[in-house]
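Okay, so subunit A shows up in both of these, paired with subunit B first and subunit C after.
Let's turn to the complex of A and B:
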């Protein structure tokens, strides 16, 4: 009985039951409708619009709109700025994600282990998350300033010449990554703290009775495996946040020097809002969204199966 | 039963802040003995168990295992295994790995336990093979061989309970501690597993301290039952003795189901405990060496209550309800004086034709009347020859 009723073959419903099902189905659609409409307007349609725009040569304000097929994408592959931007973004994410996850976990473990000052440290580490990064960028600019910055002053005291952190193409990406880590650690720490409190105390007691003596063994026997779902979530969130880096680049370096800190969102912003190449920027956006989709899919499909017990 | 060869707790005191949890608890389990520690929730029994395990440390007192003082030793260094109420299995490890973990932690060095590298270190192979054999053996004993490659999440409650037992059994510890291991099982499985644990204990002969709040569990499983209330051990005795001869009113009340009947009485001029009963007070117990006017309570087990025709020397009661339980019938009665509920456990033949609202005289053999002082302590009554008769 392939009628979409979801019933096994051979089961025939009475007419009253069929009518009841129809009424229920109508009510269900009616209740879901507001959300479906909003999702279509706010999520699905804009994505389709961007996808369609990426196949055109439209410029903001232009009266003419020409369909160019996959020309934009072909151009992207040969666009050195875009390739640099893509590479820089991945390097940035490759530094920020592991470092901030490890530091966040470390901070959470230390705070959890120590009964004194829990609230203070939790608040202190969480500050960067709630502070406005555009405002804090000026502080970082001062800290990393080659001549008057305290960081280089410290290095000079130790007899070392500090680099021009944000001004040199060799160090600018690392400097931005340091700021990125500073921003992400607090959030990761809070997530890990929540994950830690969810681990049953009995497991630690059982491990102790089973002969698990050192903190090292305790971590690998109980804490790390039971934190796995949290860790997976934290890694995904951090990765997505890192790929979306924009504010620090916009306020501190504008992609420079010589495109050494050119990142995806900055490049898209430049193309779309400065040069008004909307079609081209849309193609970049599609690539950007594709990267995020891959990260998310990786989380839900591949890893979740191995992490949840 | 050499003294000091089993598990011994001496004068254990424990406070959490200003709250006293344990006050001077002394409990000695002989080598191979099965002791059930029973009491209502919050009485400190789990704390005592955790102190025995080394998961908590006493403020005062000593823990001994096999005659050696282990008070200062941490749990990992005590040769004691524990089964937790929640089972506390590692959810990410298979049953096999769960059971092997306590052995791996003890027999393999830190380096040998490292992934990949550890496998190639000298001795790892031999030790790992030995561990696998021990696990297989324990799994066979518990009949969980077919579950070894599953994870705890794929097991039923009863199976998890077995794995938890297996993890404790596998390393042949000197003592087993069990914290309400059956409380998460359904009623049928609980009764079944009771027998299995007793059987397992008989085979392994390991000293066992078993915490439960279920007096039936304690009575049916243990060699000796230790009753704990408010952080104090009230009595430690074999099940039959603790039931027949409770040394404290709280023990009498806690052990036995339905609960023991307690009737208030006052000692009169000739040393008889007299229960108020309308115009004719009834003397329940004689020969008490207590000053006149001392309040006491008389405990009578439900199965010792007999219903007879009303008489001057029998406490008058009224039948309010019969509860049929198959092999026995519970008669819910009300003591006419004081409206005190009394329960009698009768055989079905005895209740034929009884109807609610009928009045009876309550009768018991004098030896079945337990006397408790106002502070709860039991008062022994010597049966006086010739005066044991029912009449006052």
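Let's turn to the complex of A and C:
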């Protein structure tokens, strides 16, 4: 394409048409140029910088910057805090993802089937998604308060002693996961509702002709297989959001007690922006990004291979 | 189908209602606690309405102990500025990618798709270092600049513009309009559906964001609502729940009200983030 016109070869253009194409290409570059400059400054260069910094021992304000190869990554593997952080993040994601996906699907199925109150239920379930997370976290802090919180008051009423939810290292991750599920259910529900409306009605009729009678059978023969792409999509998004958990931890636990709620973004924040170990925190960032990319790539692979119908 | 009440349906309705109650419980208690005086809060009863009203005291504290109006104003300015820059940069570029033939189209789009894979936290460290060098920390600009570019906006607008009829653009060209004129007078007026959805997505994301404000802002007068709440919580040792819940109610209200008024648009806008991952 010597003239930059993007036309297939063999099509001969008059010189006037070629001139028009050149004008068009020049206009296009002009329209894209400001964005390209910003993209270089705000995205490409910083991404390269974080990769390079992860290979150094640099600390903000230090005059010396030494190249240390992969030492930071080797150190990460032996860093108690980081390993704990990685484990906690995975446990958190392993609780939040299945629970909020199943509850989101359940809510969508029930709302879809129920003729009255659709809008009310959808609104109620979706509200946490639009609420200020930090603000709602402080409300949850009150709800989960060991002595004055309503949840433990309820448990006492039932004759059980409630745990010190956010204050004990045994329950802190579960407590954060409860808040995480509460936040994610409405979002997942809406995606499932969209998926459900895309299923053609006559498939259910056809299934009925084939002897599928109960709602349970209908779900497994028609709904579930046809919903597979939506489900995969919802699982991926929830997983990604869960790995990025930060606001609730920063507001409620700051990684404590005794590192029981230390999660990746919180650890990166502490290491990079509080202790200013830029090189080391860059290596953590790369691990964090790598995890998210693996999740996304896995989704693409599964999508290409399995979810066909 | 006529709504006939069967046992199955009653169970379904009960489950849905119980679920809705759990989802709404935090809001109910937030408002309830914000109306109660200290002594009643510490009694841990299930009464939602107070015996003695503490609302005036709590809301006065929330408005005066922290510069609440400044926080809300900062949040609004930052979100508006981010949204303005994002759309002003994204729309012309997206138009070029969608409708103009040039050699850059494919590589630029590939770059955009790669950008979508990179979470915002990736670039935080280098940008922080540069801001610190340029003495930009603790300024509203520091809150806005990193987000002026949204690859997601470019992606979204490109997809939207591709489905716009070419005839519209050809006609404008025959009228002698330049490409910039076409963007401004033909594309922008037709981009509202995509722009509204993106606006909601962007505003909700940045109104909620804590990670970046926590990094670049250390002073209350420059804080955004979430950061201000965290400062407040730390300063009040987090145990004056009445005032804290009053502040929480005030900062939660704007978006929730907007959501209640424009539910469909909100749900559309926010579920877009699904595309982004």
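In this section, the second predicted complex is superposed on the first by the 263 of 309 C-alpha atoms of A that agree within 3 Å, B and C clash if a C-alpha of one lies under 4 Å from a C-alpha of the other, contacts with A are read in each partner's own complex, and residues count from 1 in each chain.
Throughout what follows, contacts are C-beta pairs under 8 Å (C-beta built on N, C-alpha and C of every residue); 3 or more make two chains touch, one makes a residue touch a chain.
As the structure is a computational prediction, the values presented were derived from the model and not from experiment.
Participant: Is A:121 contacted by the first partner subunit B, the second partner subunit C, both or neither?
Facilitator: It touches subunit C, and subunit B stays clear.
Participant: On the A-aligned overlay, A:94 touches which partner chain: subunit B = first, subunit C = second, or both, or neither?
Facilitator: neither
Participant: Based on the superposed arrangement, let me know which partner A:211 touches: subunit B (first), subunit C (second), both, or neither?
Facilitator: first
Participant: On subunit A, which partner touches more residues: subunit B or subunit C?
Facilitator: C
Participant: For A:194, select first, second, both or neither according to whether it touches subunit B, subunit C, the two together, or no partner.
Facilitator: second
Participant: Of all residues in subunit A, which touch subunit B in the complex?
Facilitator: The touching residues are 200, 202-203, 205-206, 208-214, 216-217, 221-222, 225-226, 228, 309.
Participant: For subunit C, which residues are in contact with subunit A within the complex?
Facilitator: The contact residues of subunit C facing subunit A are 1, 3, 9, 12-13, 15-16, 19-20, 22-27, 29-30, 33, 41-46, 89-90, 92-93, 95-97, 100-105, 108, 111, 115, 117-119, 121-129, 132, 145-146, 148-149, 151, 154, 178-180, 183, 204, 207-208, 210-211, 214-215, 225-227, 229-230, 233, 238, 241, 244-245, 247-248, 251-252, 255-256, 258-260, 263, 266-267, 270-271, 273-274, 277.
Participant: In their shared complex, at which residues does subunit A touch subunit C?
Facilitator: Per the touch definition, subunit A meets subunit C at residues 1, 4-7, 21, 24-25, 27-32, 34-36, 38-39, 42-47, 49-50, 53, 60, 103, 107, 110-111, 113-117, 119-136, 138-143, 147-150, 152-154, 182, 185-187, 190-191, 194, 233, 236-237, 240, 244, 246-247, 250-251, 265, 268-269, 272-273, 278, 281-282, 285, 288-289, 292-293, 296.
Participant: Enumerate the contact residues on subunit B facing subunit A in the complex.
Facilitator: Per the touch definition, subunit B meets subunit A at residues 50, 53-55, 74-77, 80-82, 84-86, 88-93, 101-102, 105-106, 110, 113, 151-153, 167.
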